[in-house]
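Encoded as structure tokens, the structure appears first; notes follow it.
Order of writing sets the labels: A, B, C, D, E and F. Residues in every chain begin at 1.
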Amino acid sequence: MRILLINPNTTAAVTDLLVAAARPVAAAGTELVPHTARIGFPYISSRAEAQLAGAHLLEILAERSGEADAAIVAAFRDPGLQPARELFDLPVIGMSEAAMLTACLLGGRFGIVTFSTSLAPWYRDCVALNGLLGRCSGIRTLEGPFRDIAAVQEEKEELLVALAARAVEEDGAEVVILAGAPLAGLAPRVADRVAVPLVDPIAAAVKQAEAVVSLAPRKARAGGFARPAPKPSTGLAPALAAWIAGER
Amino acid sequence: MRILLINPNTTAAVTDLLVAAARPVAAAGTELVPHTARIGFPYISSRAEAQLAGAHLLEILAERSGEADAAIVAAFRDPGLQPARELFDLPVIGMSEAAMLTACLLGGRFGIVTFSTSLAPWYRDCVALNGLLGRCSGIRTLEGPFRDIAAVQEEKEELLVALAARAVEEDGAEVVILAGAPLAGLAPRVADRVAVPLVDPIAAAVKQAEAVVSLAPRKARAGGFARPAPKPSTGLAPALAAWIAGER
Amino acid sequence: MRILLINPNTTAAVTDLLVAAARPVAAAGTELVPHTARIGFPYISSRAEAQLAGAHLLEILAERSGEADAAIVAAFRDPGLQPARELFDLPVIGMSEAAMLTACLLGGRFGIVTFSTSLAPWYRDCVALNGLLGRCSGIRTLEGPFRDIAAVQEEKEELLVALAARAVEEDGAEVVILAGAPLAGLAPRVADRVAVPLVDPIAAAVKQAEAVVSLAPRKARAGGFARPAPKPSTGLAPALAAWIAGER
Amino acid sequence: MRILLINPNTTAAVTDLLVAAARPVAAAGTELVPHTARIGFPYISSRAEAQLAGAHLLEILAERSGEADAAIVAAFRDPGLQPARELFDLPVIGMSEAAMLTACLLGGRFGIVTFSTSLAPWYRDCVALNGLLGRCSGIRTLEGPFRDIAAVQEEKEELLVALAARAVEEDGAEVVILAGAPLAGLAPRVADRVAVPLVDPIAAAVKQAEAVVSLAPRKARAGGFARPAPKPSTGLAPALAAWIAGER
Amino acid sequence: MRILLINPNTTAAVTDLLVAAARPVAAAGTELVPHTARIGFPYISSRAEAQLAGAHLLEILAERSGEADAAIVAAFRDPGLQPARELFDLPVIGMSEAAMLTACLLGGRFGIVTFSTSLAPWYRDCVALNGLLGRCSGIRTLEGPFRDIAAVQEEKEELLVALAARAVEEDGAEVVILAGAPLAGLAPRVADRVAVPLVDPIAAAVKQAEAVVSLAPRKARAGGFARPAPKPSTGLAPALAAWIAGER
Amino acid sequence: MRILLINPNTTAAVTDLLVAAARPVAAAGTELVPHTARIGFPYISSRAEAQLAGAHLLEILAERSGEADAAIVAAFRDPGLQPARELFDLPVIGMSEAAMLTACLLGGRFGIVTFSTSLAPWYRDCVALNGLLGRCSGIRTLEGPFRDIAAVQEEKEELLVALAARAVEEDGAEVVILAGAPLAGLAPRVADRVAVPLVDPIAAAVKQAEAVVSLAPRKARAGGFARPAPKPSTGLAPALAAWIAGER
């Protein structure tokens, strides 16, 4: 099966990290098709950036959804996920929802650990939107700047491991999610140094995408995730306008 | 004070409805500055459409936020509201949040009544995102098509009044919100025919915008609604890119 | 419009503080009519005191509700608010509900900061009763006694600012409510020293009262906020007994 | 032990019903001391009435709390309960909280059945205030008037049994509370005609009062239920003023 | 009345502690019939142990339920409680549910204090299963090993009192439950040293069992706690198999 | 990889159904190892039955956990799941949790549809225990008896499809879970006749088991899912006693 792995950030080095973390867990017959956003930000870290990146995600899927069996939105906080799931026919999986749902299989409450303070309230919204606040023991973030988004996981490795330990000891986390695309691949490397199971969001997303493709659910034809009726629009990217107009 | 009333739909006739409903409740010194979206859809009614309209809202505010003391996102479900609140310095008020918070002053639980079935799950998300599910007695929607978005409130008036009555009698609604931009102005016209107070979202939004401007809160400098640090971007509308880059 | 600003405490100096804080934000045509409780306590700070003050509030409104377009219950925790909203025809706004709902327009989660430890569990009930626990990041209170209820905001100013900072940094508050009638007027004075927007409850209450009066909702004729059927009573203050008996 | 059974309604015939229902379940050594309110309403059925009745409850307890080992607030919705628990040294038990907590021992979710439509939203608040919405399957009420508050349980017996059946079959109630002081004693009489256990609130309250007296908990000296510090007051009933002033 | 007090642990010395704590609060006519599990663990402290002990509880009740008017599951976390309530005709009361519901009569939010760290997440599940997370201020546990399960309450007395104080001061507990069968009897001994009421779970369970027996509720004949239809089985203890087969 | 598919029911024909539904979705390298319980009930349908089946599940895993990479508890309501996850080293996946978490990837709220009325309150507990009530639109069950547990899905096919339609139209389900081991394999057969995606729990469980094995999480060494310290026991099955004693 082919899985479109869409990095909504414009930094190709982060796409490389994601693919490197995803490949070892992918099944034998799974082909990962990476796509780095052409429009947007080197690294999405705010609601406004996510609004814009989520809009561009729809443009990408309007062009490429026909090439794949499923798509992954490979940024924590899943920009554009629900709109994409509604609009397109292929399954679309968000990296943060996949991480949280997978964590639920490994323990009662999960903690979220990430590298930047500014992300906490925004991540909390994401947990709430998924209806999982009752399963979340807390969100812990590092303070202070980092040098390079594509190398932040090495720069901060010790601090992140220590933070995960606090999530376990002080918050009662029974699983820890190492969140944020730039941390892709960190979980397996530090698993022995944290006392509870770790979840790597991109790895979880690949497995959940494979699961959903295998189960071959029908696209909704009613309710909040049915494809909207064809509609005219003004000023959209042509492929997306055509899709929304029902011309494809 | 000047309030930018942004209709994220591209239908100018709906903007006219909104302004007509807003003007009678506006304070003496309030000037309403209407703006109809140039990009997007005649009438937003899905998650995907809201994702795109919310992105365009940021473009509009990048151009015009300097002209006003506050802005209103005049579409139910508040596309782009939280990103706009984060990114810009002026207060931004959503029509649905204003309606719900105002309803909370008039009764214990509010019902939401609207004209199109497809809106219900999407509206429910909006209530949840505002943390107000415990205050909402339910969402009731009409079935069947309508002829003209700008005249739907007249076409369906009897049915909407009957639906509001059911919200009161069967769901226990103590206030009813007549939701959706195309219903702007309906509430005062039918108030005598419903046994509980009605809320007209655009009217509520104008009063809440005036309230917030009068209170003159400082823009957040920390937390999830502080303006993000300046950031480079690719492919955005120039005014928005400049704002995000901190050049303005 | 005329707004009856009822201080359910018997301390006239606190009424003066409230009016001084309310007046600058009131609209041009708004007349504030202050009323200090004749029965009750210098400063309500317990459930029992609120039960009694809330009962007296109904007596006050039975005498004076005809004089005004709306009334404000000007004590945090809103003693007697829901009974008053049910019983009388004019809109009644609580200072704490107004503060919380206004705070919801300014950020995702609000913190509550006040000057006396004993108030915390009681305030928490108030948040819960309003269905807003999910929007509240926590309640922080000062320890230790104060000298004079009418001057506590000056005596404790530094400590309250520091407490607000902790609400932001440790609890994730995105807005802070400076709660309690004796803190009326403090918010604008210290706004520059706290990193998130501050809400002054009496100022919020005035604006919400104006908003509701402008929207002119019909009094409920069904559900939990309809005026109860006329009923005989024993031992009540005459004006209140007459109102409840439906003689007025 | 002596239990003060306070009927906050002024109808002595309802007190008689309550005592008749309470006596058969009381333990051998339990003496019930009935007290009918002198101030208030024949039958409390609104928020405003409860506010006033709850204030009078404090007056009653200021006079009589020294005579008993515990007190019961014998009106559904528990007017004045939390203030009384805070202010006085003896345990105070509410009829509705006792019914709900006892119901929790008999099934997963309880239904509430009562005889008057107007009570539903007010009862729902009571469930919410007790933090038990998740244990409540719903509130069902009869429509239409009744002839005599002290004989409503006979007049409506068949209808109430049918309503309880619907609570079981349609709402999934696993226990049913027959709520409202005027229904005291109905539960044992109709128990064989309802498929799940029934709870009679006054009977539950007597047993919970006995339980708490036997367990002899210390009065709180900290937190929200510690007795407030002595305080001056104006215009209160003398015994209550003296108690609040710490003179007793 | 006869109450079967079943200690699902195999340590008779803990049964002795439980009986010693229960007897002083039992009513005059109450006979306690202690039973120590023959199968299982000296002290249950994990989910797996509770699964097995709960299964054995059903075997015990199949043999002995006919001898008593009610049964108590005398281990915190109530292993097998809900299955027993469903399967047998007599009322079955869990020690932790009784403690929590009794605590709700004494304050707004209860804290749980116990002697072993490993119990916290498991206890939290118990609070959640009872739908009482909103009433729980937190769970605090001691760290470090103990010498003898039957003497842990003496060994750790000072530490437990200090922990209860932290539950009050830092978590806002208004009542404290001293949880775990090995702490039976500690609450009355240290009540004067904690600023809020304490609950001893076994004492609470005895009073709640007496309450329920006095109220004489009918066994459910519908819903989730009706006795299941007779069913064949393989490999169960004979008395239990016979009961489940409806042969008794 | 080898996945132990444990049917906690004693009916081998149901095991056959489960394997037949699981095999088509299993990955190329996945070997399913079916195991039918030797102790217990033909079909678990009550809390008591689940308590006993869950205990036996631990015996099965004590014997066979070494043979597999993961285990599936193949009965809805997941008897013994959390204890097994705590006690054993291999990942253990419950059929109902897998179905619910997978459903969360396909829509906002899932409905549960099953064939027997008595299952509804018990299933609701399962949703609550997983913290997913906010994602569940409701549980719908057929009334009336069925002839043969292994053929119930054919007998009731039309009725179940109609029930799923009601879950979509009346409850707002955006995904429907066809719950209960005897319905294994029904979902793909009727997918075209229901307007939203369907989830087959055993198929979901196989994919989630594969996902978790691929992600290779470390067994928890702290918190509620760490293996308990070695402990003596009395009367357990030898293999289980040895495992719990830490002898293996």
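Of note:
Simple rule for what comes next: a residue touches a chain if its C-beta (ideal position, glycine included) is under 8 Å from a C-beta of that chain, and two chains touch if they have at least 3 such contacts.
Keep in mind it's a predicted model, so treat the numbers as computed, not measured.
The set of chains in contact with chain A as well as chain E comprises C, F. Placing every chain at the mean of its C-alpha atoms, the farthest one from chain B is found to be E. Taking shared numbers over all numbers used, the chain B to chain C interface scores over half, which places it in the same class. Fitting chain B to chain F on C-alpha positions gives a rotation angle of 120 degrees, to the nearest 5.
Chain E and chain F have Cα centroids lying 29 Å from one another.
Centre-to-centre, using mean CA coordinates, chain C is 52 Å away from chain F. Once the centre of each chain is set as its mean CA position, chain D and chain F turn out to be 43 Å apart.
Annotation for chain F: residues 82, 108, 120-121, 125, 128, 131, 134, 172, 174, 223-224, 226 touch two or more other chains. Taken as a graph of touching chains, this assembly fits none of the simple shapes: it is neither a line, a ring, a star nor a complete graph. Across the assembly, chains come into contact as A-B, A-C, A-E, A-F, B-C, B-D, B-F, C-D, C-E, D-E, D-F, E-F. If you check the complex, the residues on chain D that touch chain C are 10, 38-42, 45-52, 54-56, 58, 80, 82-84, 86-87, 118, 120-122, 125, 128-129, 131, 223-224, 226, 228, 231-236, 244.
Every residue of chain C that touches chain A in the complex is listed here, in rising order: 108-109, 134, 172, 174. Of all the residues in chain E, the ones that touch chain D in their complex are 25, 27-29, 82, 91, 93, 97-98, 101-102, 104-108, 130-132, 134-135, 168-169, 172-175, 188, 191-192, 194-200, 203-204, 207-208, 210-212, 214-226.
Residue ranges on chain A touching chain C, taken from their complex, read 120-121, 124-125, 128, 133.
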